[in-house]
Amino acid sequence: MKDRLPVIGVIGGGRVGKSESKMAYEVGKLIALRGAILICGGLGGVMEAAAKGATEADGMTVGILPGPDKNSANPYIKIPIATNMGHARNAIIAQASDGLIAVGGSYGTVSEMALALKMGKPVVALNPPCNLPNLRTAETPSQAVEMLFSKIS
Amino acid sequence: MKDRLPVIGVIGGGRVGKSESKMAYEVGKLIALRGAILICGGLGGVMEAAAKGATEADGMTVGILPGPDKNSANPYIKIPIATNMGHARNAIIAQASDGLIAVGGSYGTVSEMALALKMGKPVVALNPPCNLPNLRTAETPSQAVEMLFSKIS
Amino acid sequence: MKDRLPVIGVIGGGRVGKSESKMAYEVGKLIALRGAILICGGLGGVMEAAAKGATEADGMTVGILPGPDKNSANPYIKIPIATNMGHARNAIIAQASDGLIAVGGSYGTVSEMALALKMGKPVVALNPPCNLPNLRTAETPSQAVEMLFSKIS
Amino acid sequence: MKDRLPVIGVIGGGRVGKSESKMAYEVGKLIALRGAILICGGLGGVMEAAAKGATEADGMTVGILPGPDKNSANPYIKIPIATNMGHARNAIIAQASDGLIAVGGSYGTVSEMALALKMGKPVVALNPPCNLPNLRTAETPSQAVEMLFSKIS
């Protein structure tokens, strides 16, 4: 489809400090302002902040949940997808995205960055928990979004 | 979330005759008119007809795709989720739905009806390919949608 | 590999009466005596009876578990594979098998039979919970095993 | 089960140089000599070398394959499990293992190490492609196996 909207994954820790929360919020907002769909793990921390940012800019938000219940999604997820597949849902987030932005994070984020890079998707990170070949890093949310969209269009 | 929208799965064959296609279209439209999110396998046949019906009523449509590429989704899918998980994606459709409507179908539809019933979700079928305990059958799209929504609210 | 051992799925209810338990035990034993690997869902009922039969004939038994913990496997499972993928593990059992034998069962068994038939695998059932196109039925464990092996070799 | 055998994951690149191939072979052999079950991705490179080492020490080898066909397994895999789930099978390898040893590797290996650490499993790496918190590194195969078994018993 020529006119399919981009799907952008936002990944990062389920618990998060103020600074990363603010960055995730900005990332989410900028993704929505570009008219793209935000996909994430649907829970708290970076996932919630990014979904909040996107929602406040009237964007679409999708949460790929690890558990069996759609009501585990944070309040800013418009489309909750309960998978009941645990951590295997990380592979779905990577597969479904055209590109991903990571904000901080730990093991789960690393697994998603690595899976996405393995699949050949562009990944841009803010405060990445580790370095990986072809992982691009940015200093600000707007730079991250700029860098990612330049790779997928 | 008190005010989360219902998520309704529509399942059925990837190739389909005129009569079932028309039923699926009506089912999709009625789901959208109720303000619910339509989730399906994202491909052709019943999935495409239902998504078309929902789209024409301004509804939201989600396609949980078996392959790696979001562009395999039919043109009426607004949110394509490429899983690259093959038939295991059937379990996601069942898990993510509050209830399901089946239109015709064959093996894949049977697997989804059975998985959904196993998970305790209500399932209503039009022209079901087999009978299963607690599977409810309807004669018309509007009856099917009526029956399903009475079970999930 | 020319000399790979057949992998035979045995599916059926997690709780089971005496007669089906005995059938499953016989099926498991006969699979082992043919030198094939028995794969199942790893839990109780038909899965345990079949694994017990196979083990007592010195056969290999694999359990594809829905939960996160290998210790949820029944005592006759030599290779426990904890997937933490819930019902999606049914698709793995079907995919990994060269053919399947169902003993009684309910929704879960139906989903596995349907998924396996969708994948083009032969399925033979004893006391099937429903009828499906190309599902073959047998009267005795030895007839079921005979029928299945004639289809996979 | 008190007497269940340990299940040890071996992860690493699908293509591999001589030195890492030799290390993987030794790791596989030592796992088998400890009486544990070796589980891996079932394909080439580190997966094949480790499975060869285990097989030559009469060990049990399980391959969790990304594709639909058990015949894609390397010749040293005794139990091929075709999942048709692509990279999501990495999560199964991590989940099914009591602990993992990584030999070299790239994105896929990083994703498995991160998933396993997220699940709280011990992971020991030889020539790791990146550093992660709680990832232990070893200099030799025997040291790696020693370190891992001290963590799981």
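Note that the chains take the letters A, B, C and D in the order they are written out, and that residue 1 is the start of every chain.
Throughout what follows, contacts are C-beta pairs under 8 Å (C-beta built on N, C-alpha and C of every residue); 3 or more make two chains touch, one makes a residue touch a chain.
Computed from a predicted structure; not experimentally measured.
S.K.: Between B-D and A-D, name the chain pair that shares the greater number of C-beta pairs in contact.
M.R.: Counting C-beta pairs in contact for B-D and A-D gives the edge to A-D.
S.K.: For chain A and chain D, what's the span in angstrom between their mean Cα positions?
M.R.: Here the centre of chain D sits 29 Å away from the centre of chain A.
S.K.: From the mean C-alpha coordinate of chain B to that of chain D, what's the distance rounded to whole Å?
M.R.: Using C-alpha averages as centres, the distance is 39 Å.
S.K.: Residues touching two or more other chains, restricted to chain B: which are they?
M.R.: Residues 68, 83-88, 91-92, 95, 119 of chain B touch two or more partner chains.
S.K.: How are the chains arranged in terms of who touches whom: line, ring, star, complete or other?
M.R.: Chain contacts: complete, every pair touches.
S.K.: Along chain C, where are the residues that touch chain B in the complex?
M.R.: 85-88, 90-92, 94-95, 106-108, 110-112, 114-115, 117-119, 129-133
S.K.: Could you list, by residue number, the parts of chain A that touch chain C in their complex?
M.R.: 68, 83-88
S.K.: In the complex, go through chain A and note every residue touching chain B.
M.R.: It is residues 1, 4-5, 7, 37, 39, 60, 62, 64, 68, 70-71, 73, 75, 78-85, 91-92, 95-96, 98, 119 of chain A that touch chain B.
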